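Some structures to go through are shown next.
Note that subunit A is present in both complexes that follow, paired respectively with subunit B and with subunit C.
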Partner chain A sequence: MLEASGLMVFYENMLALNNVNIYCGENQIVGVFGANSAGKSTLMYTLSGIIEDIRKKEEMAGGERVNILGEIQYLGQDITGLKPSQRAKKGIVLCPERRRIFKECNVMENLRIGGYLASSSQAKNTMDYIFKTFPALEKLKKRVGGFLSGGEQQMLAIGRALMAQPKLLLLDEPLLGLSPLVQAVLVRATKEIREEKGLSIIITEQYARPVLPIVDYAFVLENGAAVMEGDREELMNNPDVRSAYFGV
Partner chain B sequence: MEIGHRRKERLDRGVKVRTEGLYALMSWRELGYLTMPRLVLIIGMLILPLVMPSMYWQRVISIVCIYALLSLSFDFLAHFVGLVSLGGAFFIGSGGYIAAILNTILGLPPMVSIPISTLLGAVICTLFLFPCLPLRGVYFAIITLMFPLLLGRVIEALDILGGTDGILGVGSFTNSWVEQYFIILMVLFYLFGMRRLVNLDIGLVFRAVMDNDQAVRASGINLTYYKTVAVFIASSMGCLAGGYLAHIYMWAGLSMFALDFSILPIAATVIGGSGTLVGPVLGAFILVPISELLRAFGTLRIVFYALILLAFIVFRSEGIMVYGQRKYQQFEKWVKV
Partner chain C sequence: MDILIEILIYGSIRSITLALMALGFALVYGTSRVPNFAHGALYIINGFIVWSFLRLLGLNYFFSILLAIIVIGVIGALIYQIILIRVRGIAISEIIASYAIGLAILEGLRWGGFKGMTYTLPTFIQGSIFIVGVPVDLHRIVVLICGAALIGFLWLFTHYTRIGLALRGMAQDERAALMLGIDSDRMAVVAMVFGSMLAGLAAVLLLPLGNIVVESGYNVLILAIAVCIVGGLGSWMGAVLAAFLIGFAQILTEVYLGTHFKTVVALLAIIITLILRPSGLFGRQKELEERV
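Then we have the complex of A and B:
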């Protein structure tokens, strides 16, 4: 479904992604694991096209130059260099790190903004689906985004991404700063969404253990390079990975 | 690695890295690299009055310096303290009226009345702005924009301080060289003073206030105190310029509260490069003479002026100084990846 090859991203002279090859099959959940500064978020920005936006803004302000090399194939098309909005139209939707929900809009409004690309019947169905998947949001429909708890905000962020009718959902650290209980809810929901909506998901996380049971395939990033890849068992059986990312 | 891909690498020049340390004193070349830009600026400003063809252009230099001070004050407040101030007119008006009163009523000569109006004006401006210090961003800008309008209307309505005629008969400088070199030296003094200030500990606190005022408060620092100090410093620059303006025009009036004094510094900062301090001064040195040259176009002056500004913002939004500094300190080369 998605295949990125030779991705290299430079922030000025700093190499954030070094020749990363990553792919995601139809209806798969792919995990990307790595420590802070391993390049997870940059990878997500590059796949979703946000990096093009960052590049342009930095250029306008005379800040650091962002160089992006490599190519991304999506559903047989070359989408390298496409704007984030065009990629979203094609179905690649990013649920950004730290949620970035619209703090001054309430839950319904947040979802409606996310559903800008969807037709009204699609939007309605997705909204029903989101409230079914995350019953906690149902009661908070009129609550302003900034007053939601961390877990509710993350549910809302995933819901907002779903409203854009993704075919490939990019979840950037969805479990950041959440309690184990909420983490379990979100992981279960992610799995359900994959099965019921039939979409592909790329999920990044620092600590692999809560996510690992649901991923089909995973990559491990280290200092911007993909140092290891494999399916769940392969990763679980590797002693280095076990100690570094599972805390075993 | 794919062959054929290349990117431009940006690296600090060797001489820039060397001159950051004590080694700068080891060779004339490095000493020159370090001092050249500053010397060019200082000497350039000092010979400006000598090379101006006429009295008219010498007067333009004085006006340029007034705007340079205002731009410096705007840049300092906006990019080092995080207070977007449109108070240029407020500072000019306060400084100008105080200097005019001191000169006409108490008979103080310019060299005494200007320093007093600088300090007194800064105190008054700071007192007026003190209740507004918790405001940030556009709200602070609106408040600072309202004060000059307010004071102007008060003077007009109550017919105090000369009313609409203004205060006439303010004494001028005895010597035109003193007049010009005074303001040029003040611009240089404030420019290098501010550069020093923002690198001191207090400057560090200012920048922290801009970035995250909650964290500053959490570090046990009195936010209001530091904002007050910053506003005092910035308004002293504006009041100095105002007092000087009153003396060279020999008049203080309502047009000292004109919006030009608030708006042009912003344009100068954008053109010169925000957050560089020297950039806004350069911006004033470009914008004000351009505006004078464009007088030939009559009413179309503003149109051309706006077009020049637009072109700058669209094509060089980083500003001249940011661009220039980068070219001076760094070089680029193509590298294969």
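Then we have the complex of A and C:
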């Protein structure tokens, strides 16, 4: 479904991604694990095209030079260099780190903004689906985004991303700062969404353990480079990875 | 008693007037973060466009207004596409560029001979009525109703339509909007078109109350900025509230201190806001974000 090869991203002279090759099959959940500043978010920005926006803004403001190299193939098309809104139209939707929900809008409005690309029937169906998957949101329809708890905000962020009718959903650290209970809910929901909506998901986390049971394949990033990849068992059996990312 | 009713009626009219002047500015700044300092110029040029359609081409008044609103929207889009898009994201350049456009338009009009007291637009309805003993022009009532309707319409537009919601999303977090497939460049043009049209509408409603003079372009800009700063830059409902605050403050000073203090009020409001609450009445969240 998605195949990115030789991704290199420079912020000025700092190498944020170093020759990363990553791929994600149809209806797969792919995990990307790595510590802080390993390049997880940069990878997500590169896949979703946000990096193009960052590059453009920095260039206009005379800030950092951002260089992006490599090639991204998605559904047989070359999408390298496309604007983020165009990629979203093709079905690559990023649910960003720290959620970035619209704090001054209520839950329904957040979802409706997310449904910008959806037709009205799609929007309605997806909304029903979201409230079925996250019943907690149903009671909070009129609450303003800024007054939601972290877990509710994350559910809303995932829901909002689903409203954009993704084929490939990018989840950037969805479990960050949440309680184990909420983490379990979100992990289960992620698995359900993959099965029921038939989409592919790339999920990044610092701590791999909670999401490991649902990933089909995983990559480990270190200092911007993919140092390891493999399916669940392969990663679990590697002693270095186990101690560093799974806390076993 | 009479004076109270007078304050209430004229205070409301003044407030709506200010809100009309400021909404376009607030809309453009709120969504694309471009402080459109050409706002006052767009306001005045629309007055002259309507005047030209009406007097030079002899079109029907209503039709001239409609046509002028469309023209001003196109002008706004062109200003954005040709000039402002190149300096987007560089705050000081945006101000200089848009102010330069405004200056060019206003002084260009003056140079072109559009000055003096000869340019007027007819009022929509002639005559005046007495409301509980206070005389009010019918046109001012029209302004009051149209202004209130426009604010209501804007509220509905930003809460219930796809484009309106997308504009609000972009205003709060442009990058998050991008992730959802909202094209921020196109939305910025849309915002600029709406902003220019709002400036044009304000002109159409307010200019029949006086002459079309180039100088009032600068006044409109100052008032719009004052309202937006007091309300919290980028907050539309804050702008409406601030318009009422400044509007009533102006009327009160007019009644109790004298007419010549009127302009001071708006400027004083900017200074007081910047000292006490730099992010404005409704800018709380932005203020927090800036600190983080």
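Here is the rule we go by: the second predicted complex is superposed on the first by the 248 of 248 C-alpha atoms of A that agree within 3 Å, B and C clash if a C-alpha of one lies under 4 Å from a C-alpha of the other, contacts with A are read in each partner's own complex, and residues count from 1 in each chain.
FYI, a contact is a pair of C-beta atoms (placed from the backbone, for glycine too) under 8 Å apart; a residue touches a chain by one contact, two chains touch by 3 or more.
The shown structure was predicted, so the numbers you read here are calculated from the model rather than taken from an experiment.
After superposition on subunit A, the partners subunit B and subunit C collide with one another.
Contact comparison for subunit A: of subunit B and subunit C, C touches the greater number of residues.
With both structures placed on the common chain, the touch criterion links A:Arg65 to subunit B but leaves subunit C unconnected. By the touch criterion defined above, A:Phe147 lies against neither subunit B nor subunit C after alignment on the C-alpha atoms of chain A. Contacts of A:Phe10 after superposition on the shared chain: subunit B is touched, whereas subunit C is not. By the document's definition of touching, of the two partners only subunit B reaches A:Asn19; subunit C does not.
In the three-chain model built by superposing on chain A, subunit B overlaps with subunit C at stretch 271-279, while the rest of 37-45, 181-189 or 271-279 show no clash. Taken together, the two complexes place residues 60-62 of subunit A in contact with subunit B and also with subunit C. Of all residues in subunit A, those touching subunit B in their complex are 6, 8, 10, 12-13, 19, 60-62, 65, 67, 69.
Put simply, subunit B touches subunit A in their complex at residues 1-2, 5, 7-11, 273, 317-319, 322-323, 326, 337. Subunit A contributes residues 48, 50, 53, 57, 60-62, 83-85, 88-89, 93-96, 100-105, 109, 112-117, 146, 160-161, 163-164 to its touches with subunit C in the complex.
Those residues of subunit C whose C-beta lies close enough to touch subunit A in the complex are 87-90, 159, 162, 165-166, 168-169, 172-173, 175-184, 285.
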